[in-house]
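Several structures are given next for inspection.
After this come two complexes, each holding subunit A, first together with subunit B and then together with subunit C.
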Partner chain A sequence: MVTERKNIDETWLNRLKGSRAIWPLLALAVILIVDGFISPNFYDIRIVEGRLFGNLIDILYRATPTAIVALGMAVVIGTKGIDLSVGSTIAIAGAIIAWRIHAGDSHFAILLMALGAGIACGVWNGFLVAGLGIQPIIATLILMVSGRGIGMLINLFYGGTDPSFESALLQGLSTGHIWLIPTRIIVGLAIFAALWLVLRKTALGLFIEAVGGNAAASSLAGVNARIIIFVAYIVCGLLAACAGVILTADTHTSDPVSVALYIELDAILAVVIGGGSLAGGRIYLGMTVIGALVIQALTTSILISGLPPEYNLIIKALVVVFVLLLQSKNVRALFSKKAARPSP
Partner chain B sequence: MNMNASTPRVEMRGICKAFPGVLALDNVNLTLMPGEVHALLGENGAGKSTLIKILTGASTKDSGEILLEGKPLSFQTTGEAQALGISTVYQEVNLIPAMSVTKNLTLEKTVGRFGMISWRKAREMAREKLRRLKLDIDIEQAVGSYSVAVQQLVAIARALDDDTRVLVLDEPTASLDAQETAALFDIIRDLKSRGIAVVFITHFLDQVYEISDRISVLRNGNLVGTGLAKDITRNELISMMIGRELGEVEATFAAKSNATKGEPVLVAEGLGRKRTLKPFNLTLRAGEAVGLSGLLGSGRTELTKILFGAIRHDSGTLSVGGKSVGRSSPRYSINSGIAFCPEDRKAEGLVGELSIRENIVMSMQAKRGWLSRVPRRDQERLAEEMIKALAIATPNADKPVGQLSGGNQQKVVLARALASQPSILLLDEPTRGIDVGAHAEIITLIRELCQKGLALLVASSELDEIIASSDRVAVLRDREKIGEIEGADINREKIIQMIAGDDGH
Partner chain C sequence: MNSKYLPLAATIAVFLALFLIGGSLYRNFLSTLVLGNILADNSFIIIAAIGATFVILSGGIDLSIGSMIGFVGVCMAVLDSLGWHPMATAALMIVFGILFGALQGLIIDFCEIQPFIVTLAGLFLLRGACFMVTLDSVPIHHEFVDVYNSMKIHLPGRGWLRSSAIVMLISLFLGIIIAHFTRFGTNVYAIGGDKESARLMGVNIRKTTVMIYALGGFYSALAGVVYALYTSSGYPLAGSTLELSAIAAVVLGGTLLTGGVGMVAGTLFGGMILGLISTLIIFNGSLNSAWIMISSGILLFAFIVLHRFLVSSFNVKGT
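Up next, the complex of A and B:
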């Protein structure tokens, strides 16, 4: 019985079909191929002012903030939670940057303050979820609603009339480039690598997945579920603040009302496209990044296709539904009965 | 309709049902007569709920047949079963607390025309239903505002119709006090006098004798016996529920090893928790296996969990390895060398999504802390060792544990406990729901561990398992530890007698 199953599993086609990675990658590939037909020089990459330019680079460039937020979201979703407040965290981080630059602090210190604000937001959410036991969607809704208001209040600290600023350091991190590569892509890669190390080279990833998969069993196995959930929200807040630095420095202004609007939804979508389940229990960092790229590639495709931007959201929704259908066990069972049947 | 009393209301013949890795029902027969209260007994996992689910259409049988008043039946849904007059009230009251009594009672069969509900008719219907139980309550109040007992009655009222022929009550008295139970029994007697066949599932033996006419006992998916309540003594009943004759492996070990007792490693004095378990004393020694015997609901699981800190004690003292424990918790226990295998593997034992390897490593990792990760290579080696040592049937260690069969899942829970290198091991129902082969393997393993100097506590609903694996047996009755027996005194009769209490004949 066991060997028989193994043989079925071993054929590469079935393994490919069974692999969760294949569908988001396929979706990304299809979108990029279609783009090639729409716009013949879509794949061109050229060097302008010492930096790479081109549609592919543009997709990476624009997807980076969403991807960073989505990585944090993936961690929280891994605990069976959700963080709706990431957009507000970004607004608060941005407001703090504008405020302290007006106050004349050192820009490096300001960077740390912005990240600290993200950690503080994570501590708040973690306190509500892990400390008080409030359902994550409600707990983070509190900061989601109030966060942008807090950002506007912070803008008032220096009069609130001119929230724009100049900062070589912060803008360098956001819109600058090192050799040919945009800095934010490097920052994004560094964050990805750091998060991967923290999750996979310590036992944190295992604990988060265990708590998300079955909190009661994890506690009985000796895992401190509360602390683990707490840490997950802090990681998510910190990563949101990183994205906040990039987004705020991009426009070099603090705009709490509209910065990163609906980014929480894109982040959740990226996690789900990447194969993460809202039921918790698994974190797929690489696939989450692919998810963010799928979303951005779609947006970019619609822009270059010449379709009115009004179509953007609807086409995005259709593609997302399609990708999710492909991941659904029931739908896959229609295509291949073998691949979808759970083994006994 | 043939209402002749000698025609069985329902006959279930040769019912079989298999779940992956375990035969839940093996050729079970059950006959329900009109106007009888039929008690269905058995420990957790004996197959009671599966049998009931098949009777009420919530689950399908693999083979066998069901006759309703002599006519073969086949239904696929609870709705079809209900239309034929077979209704169930489940243990967890399936009402919607925020909705009014009327709405709860008429939810399934709304009255009215053109998709519009006639609330006037609905109220009439609700009153009619409550009248059957002589229950006089305000039907506009939310169900949640009434006591559990009244909610229980509302649930029964909902299940009853004029044409109800069989009513299944699953643990209806679990959360009722003595008075409420008496009131419920009056209603059951009334239903009985109307010719309804009542199936009564409970683990309170007193209630079984008080209300039922006949008793059927299930164990491990088999029907152990059926008989008139007045013909079965208490001792016989307990013996049927938990006292399987010793198998070959068990018999080997029943010849006690005269292991030298080691030092006390865990001492509980007056340990207890209000409404959970009366204070008890218990000492576990290195190299000694202590069995924990008692019926379902006697406090076996609670005692084990209190020792582990999964349920916090509110009286008495606990000391582990000579050190007194203040606030106990699972984490503290694991760090001080106690490991625990819970009864409910799915809910409390395993993280189904994670692999065998990850599940095995978890406790050991929790003990080391998150920063000092067990290197992947060590994890793999450990998992391989455990898979080999416990004979876990799996193609590889990276299979999600949720896909394994029950017996193999149990071995993974055990492997995780062993990987944390405990000096004290608490096992709650280590052989629940697993096949005979794995059963013997696990008993053998328990004896081996013991010989290596581990202090063991084995809580089990199976007498043979207790007898085979323990050097000493603690007996529980009604959430109280009532005594201990040791050495040659450990035998079926003695334990059954203790469980049955002084009034056992």
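Up next, the complex of A and C:
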């Protein structure tokens, strides 16, 4: 009798667990369907000046930087960590781009320098977390607090009076298009594919999830947890720098104070909406991208619905709370008649 | 000396060193005038940081501080234009802060969601609410604001203790009493030290968690009131990223972010160190404000490494 009851609970739990991946997709679908009602032309995609235009493309286009940052965040969260400094990394990468363009370097070298700056930020965070064993949220707080200041300082290297620039290469990567498709979407897809191959076709993904799930056990199993955590922060820094290149080239200027403000929160949100737990041990790359798309689709629908953009934050907060409540065991138990009384 | 007091001693030493450096660089820096101004200018950060100290002592974090300050400010300003007395609005907003914090605490404990995410949602919610209340900077005209801002106590020398600083010192005193002389305070330390042990020893985790975040909400709402009265205006973007300054003040004040170790009094010095840094850089005149961020980051790094070293070599956490 008791075992029977337990079995029922388990299948019920399993069903919910299986359906958890459905929630973000469902959320995205609901948002897009509602958009269709709000604006009848919502799904129209047309070709203007040799590239695709339309609301759906726009959501993809605007979600790309957040999605790229969120992918790196997913890797770090997989190790049971967190990286608060991605916004600062973006500011530093942007400042380096503007500085070196004023210094007259080749633009391809500048691209590599910006990505190198991201790697350096990742090395710093990785050193603090894996090397010194500092709690990730505090360790990355240091760069978060000082990173935008470093960006402002870099702008001072050439006077800092005019941090705007022109670069065919970088702006091509950000706002350009290849055939009909905006380049940044292609860049985003390429990054996603590369990350997926590295994580899923080598043992790295497995190691990261093992370290995040139980660092001590994976150490005993022969995984060098420190190196794995180190690598995760470097990946996160590198991806943040990629987003930094796109965002900085988009505005043609380096603005360390306000570029990508709150992007770390959006990125963490994308990971959580995608079903990733901050307790570590799981990396869902595809669902993280869906999470970023949900956030951007929400923003876009608030814009096209004619509601003041001020509602954006409130609606975002309510969606977060709703998604979190859905994931909570106690809340599900509260609303489920089937739920058994918790055994002592 | 008990190794528990080492972080606090280090904080006070850094504060004195920075103050003496200022004194050796600039004439008239070593005066109660400068000290009184630093106290008044940073009073709202320190008030918010006192609340954050309790949250961090319990092993949690509160990201909604900055948005709460902004929200309280715009409500104070808008209700002022509707003819409310600032004290009435202040009381209302403080009750709101306590309830909002309690709700966050309840969600954190009941839903077993990390404080980081719950208070992040709180950050978005309150900042969004700011924009819904008003998009403009609204002045507060009530004559009470002038009375409040002109109240001050004369310090020895040329300095003044302004009303903001007085409110801050009173709330600091209150915080010290709560932390070190009440059962609730002991429970906070117990939860931060080891939640499971605390539960086994009979601490009501849910009630304590709700109270901790309610206390955090109280202090951030009070900080919002002080900020609004000090600037006599409400602005929907006020207090952005102030939660970071508050957390930094707590860490610089010698409280471990892992919870369970720290003193409320340290937070005063942590906040004063942040204030001293910006004052020194403003006194210099030629340094860019970027240096405020960078030097805060460097100090934060030094303190975190110091804490890390203390925890591992003296076993401060006792685990």
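Note that the second predicted complex is superposed on the first by the 309 of 344 C-alpha atoms of A that agree within 3 Å, B and C clash if a C-alpha of one lies under 4 Å from a C-alpha of the other, contacts with A are read in each partner's own complex, and residues count from 1 in each chain.
Just so we're on the same page, a residue touches a chain if its C-beta (ideal position, glycine included) is under 8 Å from a C-beta of that chain, and two chains touch if they have at least 3 such contacts.
These numbers were taken from a predicted model, which means no experiment stands behind them.
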First (subunit B), second (subunit C), both or neither touched by A:Asn330: second
Which superposed partner A:Ser254 touches (first subunit B, second subunit C, both, neither): neither
Which of subunit B and subunit C A:Phe207 touches, first, second, both or neither: first
Residues of subunit A touched, compared between subunit B and subunit C (which is higher): C
Subunit B versus subunit C as contact partner of A:Asn224, first or second or both or neither: first
Touching partner for A:Asn125 - first (subunit B), second (subunit C), both, neither: neither
Touching partner for A:Thr299 - first (subunit B), second (subunit C), both, neither: neither
Partner chain in contact with A:Ala216 - subunit B first, subunit C second, else both or neither: first
Overlap of the subunit B and subunit C footprints on subunit A, listed as residue numbers: none
Interfacial residue positions of subunit A with respect to subunit B in the complex: 2-3, 5-6, 201-204, 206-207, 209-210, 213-214, 216-224, 281-282, 342-344
Subunit A residues within the subunit C interface of the complex: 82, 128, 132-135, 137-139, 141-153, 156, 265, 268-269, 272, 278, 308, 310-318, 320-321, 324-325, 327-331
Residues of subunit C touching subunit A in the complex: 61, 107, 110-114, 116-118, 120-125, 127-129, 131-132, 135, 244, 247-248, 251, 257-258, 288-294, 296-298, 300-301, 304-305, 308
In the complex, subunit B residues that touch subunit A: 20-21, 308, 310, 330-331, 333-335, 340, 342, 347-354, 358, 361-363, 365-374, 393-395, 403, 405, 416, 420
